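Quick one: this structure, given as structure tokens, is what I'll be asking you about.
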């Protein structure tokens, strides 16, 4: 039997590559027939991994991490019907049974049976069940027929693997943000945050037909990247106290139709507060820039408890944003993790028909498993790159300067 | 020319009946051809009038108040096409022009032209434009063709006027709460607040097919009324620290599909905090009782500024509720005033075909204009009645004991 | 091992009760671990069974029929996780794998793996796969975790079994008709056909908040039943050439918001054509009575081929209805079988909280398996009853005169 | 007072430019205060004008035609509030009052007061009311505040006038087809017809995120144009009997998610029937190529009566398409004219932010009023051009070879 090397969280600000057990076809302590073992071909470091990396969750040291997984089926249970050995598949980070009420309503992010602690399971994540993390060589996927998205053509999949690797979490997460923000043809949008989620939200806005996308961040490198690869308008929020004035310069009106908070509870302030955490800042700015009757999607994470929170309210999950003003404006606010399965097939189709190329947009950088600890360190510092681990050496570094944009044919 | 008597706000906790001018066919200081003058047949005191009555807004003393108006057309401008003298009509409390972007998208609650201060106009209301209040004998309705809902048959309308009088605000407000909470056939619902908005939300839940409606309040009289007239399940929140335990007793599960905050920023606490204002309590309870992926409608009012707020956060419109937990549960939160025009025709039809009778549900009490000051006083104390002013003496007191329930034929 | 008696189609207008094999835990010729064997507690004769009974399909003689099944789990495969021996469950007539694209999008009526002939499998039905019919003592349900709806409480389920028995097909079918017809609070509705599907559509309209439901049929007995148990308005279409005139008598306007064709391709004409099949009549009448911009739901079945069709166009599945007029009116037409899983949980909840009682509405009649041949004969003649087979003697005849209506608490 | 020259229908296959009256500020025989007079800057010839041109409607000879109008306000009624003299505006072809039930529900295509014959008014169109046609120098627009879409910036509007001219009908018509066909991110789409409506539908599909758009026509010139300017896949339906085979060559699967019938009742057949009218052909092909559970949008016109129809069924508006098969596949079919006001603002925004450039896609050709008769002749022959009349000489011919495509920034 093969070994299995994996990225393991060992202490705040520390991950190590360690040997772990090769996956067994078991779940909850008993043998299963509905699972598959994947050879992992691509597995990405996610912004939400940083919550754990920084020690802002109660993840146990010694836990293998990672939940953005793309792989090849190398072993399958007797009950698996739709998958064959050798199939290339995308793994939604939500682990869903396909048998509970929530899964049957496609709220797979709240599966009632894959996590004893609360609804919703995931690979290698704090409080989301006992599932092995996916920044590894091999992993078990339970309920494989329900969970996995099979790419229709193996060769085509291998060619676009770096794009397809974004289907397990970050692309659907950004898309969910855009959808729940009500983005549609002709919309004007403000996105708080130009990190990978913000970029994926921006791409998604364009796919949904947005007319103008404005991204705000205090990191000028990230803003420049959003402008050059996606054609977004940008606002450096560290330089401005009144964001609506900057929006008015772009739109001739200070308010947008839709807003997306792609930052979450670790938000910095803006203007003279840009150098410190202000947990309500992304929400407050979103409320501020939205037109009356507008909609706010919040893919950025907020936590019920954050022992490292900078204020008392932050510690107890009460960011104390301007809800009174949101009510006065009649806003709708949509929160929570994405149900990947609602979107991954249609986003896969967009990739396969070349409507969207993510690699350069996200500044994808292929690294070996052994480079993961250094990549975590850089990513935590805010480097404008998306790291993809390459445990079996099948990924190629994307060509520098490859064109990121795709004509929609219009 | 006739005189015009009206209920006028004169100081915190004081309204008086005074003579005011008979309405002119004018708006923004110039003659208009699109308006009508109504003889007011019914005009209700609304819970939101209490915000002004208590001095918690910046309404100027001397302002005639009231915005729930039903009347008869007695004068019409030359451009009015769909209405005739003698027509009986319901007046949406939102004053909308039918010509701006928001009105054309049916966001009539955010009309861009009837209020210079911010989007959205209303009759006799703080910060909602210069329009005469409707607790009076006569009132001007501008943009009459667009605004008014004409009852199809005069005689039929006069017979059901006490029910139809609820179409101008409170019934659509409750319905909007239920709709935005995602209530549908088979839903289980928790409603925070058994006042008139809570009761209208409960009626609306049943109309939308809800399987079980649970209402929470600390006022036992209101709860008893909800149980006896509507068949709601009830929870006295003053008596319980853990609301989900009480829900589990009704549903065999501690969580509901949908929640409606029908209280707003003047919420009391629950359990041992029931005797004082806790501005986040209705929101926190709603977040607590909702299932993962659930939806929260908030017809209860929250204010950007509340100088009488009990906490610093309350004063600046930041109720500091458990947003982190809401995010973790993936909730959607929908806020703001109702666009009455989206619902009033269908609710009128429900009344005219006798699917719903509101008078007894709301404990409607008909009073004269002169009794308004005393009615405000009692209503502010929490009396379980809905007062309807009868400026022209055409309303009859509803029969005591008339059946409130209507079979849906199922 | 137990025997298994079943209702078997033997020739046009003939079914017989015969001994068949006890179900094996197998599908497509191989052993499965995801199935359960049910002891059937209730199994209904459906209007669509009559298409086969009349020889208007190519069902092979010797096939056990029946697809409306409620039962108790008595055997389960090793991969079944959410069900226990003794659980009482409702079986959606659509057999769905929960693993193909269509099932994952909840289009379970078009499962891609349970029928080799075309998308969509069912029990005991022409062209819908090799699955044993459910008018029997025992039946296999594959993919049991995904397919089955478990009733939360065994005792409560046994008490309401006659109502819950309608969840496997006819109640969701009627509800789908109402939903796809766009029925909502305040709607006026015309339903073509007062048979069981028409009655279930009418119940569903009320649950969805319809203000007025008008049912048309040429069978006066069925109309009287709809009026007396549901309070529907009725039109005997055999007596009138112009249906809109009759609608105008009820509504004061000749057009309705929504229409439901609960008849399908075996429609009779109306007026002087009421005594013969006119395949386009239900569609033409629906188009005629709908308001401009209205919506038509078509739960009534239309067939691609009908060798017994009365016209050349009917034989080749082209009913030649007034599509030009439908276009001129801007109608939307929604067709096809119901995906039961989208609705059965919420309708179950409505039954369990006593919002709706179906037994008397449908004139439910409990009979033994041996009485099935006679029941088919009577049902084919248009008797206003819904026959429920009682293979294991656990059902009780409903009390005559039990109240069909349920207050919605309004 | 100025004169007014207009394109007038005089006989089948004949239009002439004639002098007509300058518009009066009147409607229904009386003076109005809600109208404006426009100097027409651009007015297009529409495919639906050909129905009248060919004598297939009962339009009276002597009627000025044209309903795609863009102009400048040069006179306004006293009740007009949101428009100023000199504003550049798009005129929705639907004339809507903004005061009836249908307008208040945004079904402006079925306005109840602008046409005595049936719901829905338009400029210069058979059976759609007495309104002057817009292929003229000047025209009256009633209910101007409600009807007109004002371009935010005059200079910007003049620069993009040829694109903005498509907002009055054809772009929203194509968009409505795509929306009602359920097109969304990742969809695969078949469009029957590569004329201007088909092209606008294709553009709209891309704006909505479609992954692959396949257009079918028997006119190779049109197909080549769709391929070269939009990147569509194409099928020459004259050369193939089995369209699904051709689709399979593109998609690796024979069925599409969505279909759009952009042809209507004058459809030619396909394969060996391509040389003659087959009124059901576009519908039959759409039913054939759609996946189970798919959706069909029908912007192509079907008529209740067509005295020139090629079959008896065609004459009486019964195209006799395969409805049985549509039912078996569970299709939804959406028909009728577009309510322009639902879409024109968002499409205008898409144009103004340069997400879409229509001029070259539609092969826009600017001509003088006097060239209209010849343009009608060529357009009727199927020339792949969109003619825009230039009554006041402000339009410039688009640059040959200007790039039609716009990067979506992805």
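Which chain is which? They are A, B, C and D, in the order written, and residues in each are numbered from 1.
Methods note: a contact is a pair of C-beta atoms (placed from the backbone, for glycine too) under 8 Å apart; a residue touches a chain by one contact, two chains touch by 3 or more.
Just so you know, these numbers come straight off a predicted model, no measurement behind them.
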{"item": "Chains in simultaneous contact with chain C and chain D", "value": "A, B"}
{"item": "B-D compared against A-B, more contacting pairs", "value": "A-B"}
{"item": "Length of the line joining the C-alpha centres of chain A and chain B, rounded to whole Å", "value": "41"}
{"item": "Distance between chain centroids, defined by C-alpha means - chain B, chain D (Å)", "value": "43"}
{"item": "Multi-partner residues of chain C (at least 2 other chains)", "value": "345"}
{"item": "Partner chain D, residues of chain C touching it in the complex", "value": "102, 105, 107, 109-110, 118-120, 180, 265, 280, 283, 292-293, 298, 301-306, 313, 316-337"}
{"item": "Contact footprint of chain A on chain C as seen in their complex", "value": "32-34, 78-79, 81-82, 97-101, 104, 106, 113, 145-146, 341, 345"}
{"item": "Partner chain D, residues of chain A touching it in the complex", "value": "152-153, 175, 184-188, 202-203, 206-209, 211-213, 230-232, 252, 345-350, 352-353, 355-357, 361, 404-410"}
